[in-house]
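Structures follow.
Shared between the two complexes below is chain A, which has chain B as its partner in the first and chain C in the second.
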Partner chain A sequence: MRGFFSQIATVVAMNIMSLPRRLWMSLAAVFAVSVVVAVLLAFLAMAKGFEETLAGTGTESVAIITRTGSQSELNSSMSRDTVNLVSTAPGIAQNAAGDPEYSAELYVIVDGIKRSTQGKANIPMRGISPQGFSLREQVTIVEGRMFEPGRNEIVAGQGVQREFDGFELGREIRFGKTAWEVVGIFSTGGSAFESELWADAPTVQSQFQRGSSFQTVRARLEQPGNVEPIQQFIDNDPQLILDVETEADFFAGQGRALTGIAIFGWILSFVMGLGALAGALNTMYTSVASRIREIATLRAIGFSNSSAFVGTLVESLVLSVIGGIVGALAAWLFFDGFSASTLGASFTQVVFTFELTPELFINGILLALTIGLIGGLFPAWRAARVPVVMAFQGGE
Partner chain B sequence: MKDVYLILKNLTRKPLRLFLTVFATFIAFMIFGTLTAFQQAFDAGVDLAADDRLVVVNKINFTQSLPIAYVNRVRAVEDVEAVTHLNWFGGYYQEPVDQFAMFAVDAENFLTVYDELLVSDSERAAWIANRQGLIAGKSIAERFGWQVGERIPVNSNIFSQRDGRTDWDFDVIAIYEGADPQTDTNSVYFHYEYFNETQSFGGDWIGFMGVRTSDPERNEAVIQAIDELFVNSPAETETVPEKAFNKAFIEQIGNLSLILTSVVLAAFFVILVIVGNSMILSIRERTSEIGVMKTLGFTSGRIFRMVLAESLLLAILGGVLGILASGAMVALVNQAPIQLPVLVLGGSVWSQALLFMIGLGLITGIVPATNALRLNIITALSRS
Partner chain C sequence: MSDDILFDLKGVSKQFVKGKETITIFDGLDMSIARGDFLAIMGPSGSGKTTLLNMLGGVDQPTSGEIHFDGKRVDTLSETQLAAWRANNIGFIFQFYNLMPMLNAHRNVELPLLLTNLGKGHRKKSVAAALELVSLSDRAKHMPKEMSGGQQQRVAIARALVSDPKLLLCDEPTGDLDRQTADEILEMLQLLNREYGKTIVMVTHDAEAAKYARRTLHLDKGEFVEKDLAA
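Presenting the complex of A and B:
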């Protein structure tokens, strides 16, 4: 048994050390695999980044209340009376003074110029109140100051800063007839709220002719994750045509919007992988052909045919793993942390960054290994069947 | 003739290698054909936009509304041939996930402004006469199985009726087709009056306007004239050519053409390396043969041309098969029950692909062909 393994080790070592002799063919196979892996990881990192951004946006401890069937904050609407009524629902946490902790918000769309395309894009502008700030985790003003209630002042998210022109600190912006000033930049730790502009809710109501209506209500839950009491309260009052969900569920649903991109990435890299497989097979068949006399000689001096088999297979796997690592590193270098924005569920731009997680990295290496395994298997089979007599013939 | 025979013999001498290289080329061109068809479909909204059509939206953003009184004022502007107005309805059929583009429009003028949506004259008259009538595009009608004459309920995820219901009943009057195969037929249009009278949010506002001008040359003047009308009003307007509007809209999703082009480039680059290497290798294996041929009196130029012809043939073989396969892929995607623009694999894809095939063949062949050209008979024969 020890002889068997030492034979294999010897053949593997011979194959690997003779790789420089077949440098260009081997590099072609490595390169093909690396491109396929990089393409796959780029798409997966895009979908993952979007998903994580939205997943990080919602929390279990806050409920979001929208008009039934509206599915997004943009489409929802409710009157001041509805807001007042639903805020008395049981299950909503109360502050020290005994008042319910909730925030009635507006959601309007304004234009920004997307840096990447220099075209107009939909930026969400949220009318919000100080309570709204306390309902979001990790809100910090990183530059400038908060807006003052009653004034046409805006604080802009860091994502907006990154992807769009026109919202720099101190900048005056016109929305129709009214002028607004950007007085601060806020961060929410990378969540989708950073793609928004925030302003004083009553001011947004008056400047955008919204009367006293709101679009959504956010409320802190007494028990994180439990919206049941609010749901029952809504069900028991025919005046309330509302949906309630935890914020985490609300945004998790929206985060799946780019799942299609991930599927597209898989299909694409599968098809490209077939091309790379053809390259790998070509390389390995050539490798076997060029070593045919060597293999036969080893067989003649007593090496088993399984050692030739394993030797070839390992060579193929090594090449593809190198390719996989190179591709994954390239994807990581070029795409990890890459900032982009796309249209989200509320018909507005969501700024997100590509995320190449270790889990995706493993996906890429597995794809490379699959190509290497299949690409090595058939040539290895041929190597194992090289007749000993070839050792004494011309070879190729 | 003899050369052609030799080229074919050389090409097929290692059938497995031939198959693998052709297959790799095939994959690259299949990806190219399919993704280019996708890209052209995404661009169709821009390419097919009418030059003599403008879009008038609220200057703040196109989702902000405009007073309906604006319509008549725009209609009076010089060189404006026809005006219609549209409201986004947020329609979905039965399931909230089954959303589609549905607009409340001014039916009288709508089909004049958007004349690429084809319905018969009698259908047009019937639609104008029926306040609860809608016209649906071919794709959307097929998706939901709607038939002309049917009465269907459609829900809105934005609006509700005065009694709180969010569904409206409609008569399907006509199913329109597009003037071009890639004209969007995923939209539904119905009467603004029906919408305005029944919805509960206070009415008499519109989403945006579509304007047909008398001549694309006059667009600039019309744009200025319209926007000047509403300067300093509570709802200022921004008028843009439809092409520009559609381009900005599609770019909101992201830089799709950059993504698709990068992927195609990556695929081609991989194939270039694989095929190029394989060509170099197969010529090197034939070194002594080429020496013999030269000894027999084959000129270097003739051998150069034969090698190049071989690599060209290889690229064209894989390329043509790949584009044919992408035709099948496109047909498959068009059949799939997903809301996608119609994909068309047109002549422009073929001609681009042919150029790429020739390019690929030349690039992969040039190094081995030059090697063969330069090969000295003595070294060639002594090397084996």
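Presenting the complex of A and C:
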């Protein structure tokens, strides 16, 4: 048995030592695998980052009420009266003073200059009620202070500050004819709200000529997850043409549109993986061909054909794992923590961060191993079947 | 059967099938090789010398007939059994040395010992002794490409010897060497035969080389014709 392992160890070592003889071909195989893995991981990291951002955005304890059929906050609209009416619905939590805890909000789109491209992109600007702040989970002012009602003051999400020019604390910024001062920077622990600017709702209404109309109502639920009483209240009043969902459900629905990215990433890297597989097969067949006399000689000496098989397979796995690690490192260097923004369902930019988790890393290495395994298996089979008489065949 | 017989071939036939054609190389060949013999096999190119050597070495199988080694039938062994049998009994010496280019002399010679249960220390001693025997102790760390053809062949001889096999099978061992180097190698084989009792079967087309052997068989059309060496 000891003989068996030292045979295999020797053959593996010899194959690895002979790699420089096939340097360029081996490097090409490594490169092909690394590109495939990097591409896969970039897509997965993007999907993961987007998913995390949206998953972190909604909470079960807040209901979001929109006009029926609006699909997104941007398309929704409701009057002051509707807001007042629905805010009295049962199931909405009340504060110490006995008032319902809710925030009537409206949502306008402003332009910002992206740091990366210096091009214009949309930023959602949200007018919120004083209670709106406390309705977000994990929200904190990390710099400066909260806006004051009635003034042209905004607080900017960290994501906005990261991605766009001009949102440093104290800066004045103009949207159309209106001028605003950045008085604070807020964090929501990485959720999509960080891609927003927040200001006082009545001020936004007046500065953007929205009259007294709102788009959504956010309300704290008496019982987290239970929107049923509000739903019944809406159903019983024909004047109210509204939908109610928990915020968690609302954002999960929006995030799902982007899970296609991960699937696309897998499909793309599968197709590219076939190319890398062809490269690996070619490399390994060449490797076997160049070692035929060595393999046959070892067999003549008494080495088993499984040592030739394992040696070839391990060579292939080593090459592909190197490729996988290089690709994963490249993806990590270039993409991990890379901030990107994409169109959310409401046609505004959701800022999110690529997240290369260890789990994704393992996915990349597994893909590389699969390419190496399949790419090595058939050549290894050929290596195992090299006739021993080849040792006696002439020619250098 | 005498105890002095190492190899015994009975009615060995060998055919190759090439497409629709069947080439018969041997048809009912009988031969025996005595223990301690140094046998040279000569014959024109294509006469089946290598094929015969391959069958003796368990690298190729006869189409029919029997091959006995040390009183045991070997032509019916499985691939795995043959590999083990070769490892225990046979050392091969090839025309083109067949050293592993990425291993130094020491490691090349060590290869057959990796199939045994010998520990590192024992292996080292055996390798050193084998290299000593071929006068290459000072080249242990050299790579094949840093050595001349004659030196490479001596490393190959050391490799064939290191596990102390009974039999050395050599296919044109001097075919790639100049006269003087060839003579050195042949003297070495002769020494191994005379002093160390190795049985040697050597295929060659060189009549000078054959002179080092105890006897020479001429292969022609699958038959042996024993000729007088003096002739």
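Definition applied: the second predicted complex is superposed on the first by the 369 of 396 C-alpha atoms of A that agree within 3 Å, B and C clash if a C-alpha of one lies under 4 Å from a C-alpha of the other, contacts with A are read in each partner's own complex, and residues count from 1 in each chain.
Here is the rule we go by: a contact is a pair of C-beta atoms (placed from the backbone, for glycine too) under 8 Å apart; a residue touches a chain by one contact, two chains touch by 3 or more.
Just so we're clear, the structure is a prediction, and the values are computed from it rather than from any experiment.
Participant: Report for A:L281: first if it touches chain B alone, second if chain C alone, otherwise both or neither.
Facilitator: Only chain B is touched by A:L281; chain C is not.
Participant: Taking the superposition on A as described, I'd like to know which of chain B and chain C A:A121 touches: first, second, both or neither.
Facilitator: After superposing on A, A:A121 lies in contact with chain B but is clear of chain C.
Participant: Is A:F214 touching anything from chain B or chain C once the two structures are fitted on A? First, second, both or neither.
Facilitator: A:F214: touches no partner chain.
Participant: Applying the touch criterion given at the start, work out whether A:F250 contacts chain B, chain C, both or neither, answering first, second, both or neither.
Facilitator: Neither: A:F250 stays clear of chain B and chain C.
Participant: For the three-chain arrangement built by superposition, which of chain B and chain C touches the greater number of chain A residues?
Facilitator: Comparing chain B with chain C, the partner touching more chain A residues is B.
Participant: Which of the two partners, first being chain B and second being chain C, lies in contact with A:F193: first, second, both, or neither?
Facilitator: A:F193 contacts neither chain B nor chain C.
Participant: Indicate the residue numbers of chain A shared between its chain B interface and its chain C interface, in ascending order.
Facilitator: 396
Participant: What does chain B use to touch chain A in their complex?
Facilitator: Residue positions touching the partner: 16-17, 20-21, 23-24, 27-28, 30-31, 58-61, 63-64, 90, 96, 155, 157-158, 160, 164, 166, 201, 232-236, 247-248, 251-255, 263, 266-267, 269-271, 273-274, 276-278, 280-281, 285.
Participant: Considering the complex alone, what residue numbers of chain C touch chain A?
Facilitator: Interface residues on the chain C side: 50, 53-54, 57, 59-60, 79-80, 83-84, 86-88, 92, 94-96, 98, 100-103, 111-112, 114-117, 159, 171.
Participant: Mind listing the chain A positions that touch chain C in their complex?
Facilitator: 2-3, 6-7, 10, 14, 17-18, 21, 293-294, 297-305, 388-389, 391-392, 394-396
Participant: So in the complex, the part of chain A that touches chain B is made up of which residues?
Facilitator: 24-25, 28, 31-32, 35-36, 38-39, 68-72, 74-75, 77, 108-111, 114, 116-117, 119-122, 175-177, 208-209, 241, 268, 271-272, 274-276, 278-279, 281-282, 285-286, 340-343, 347, 349, 396
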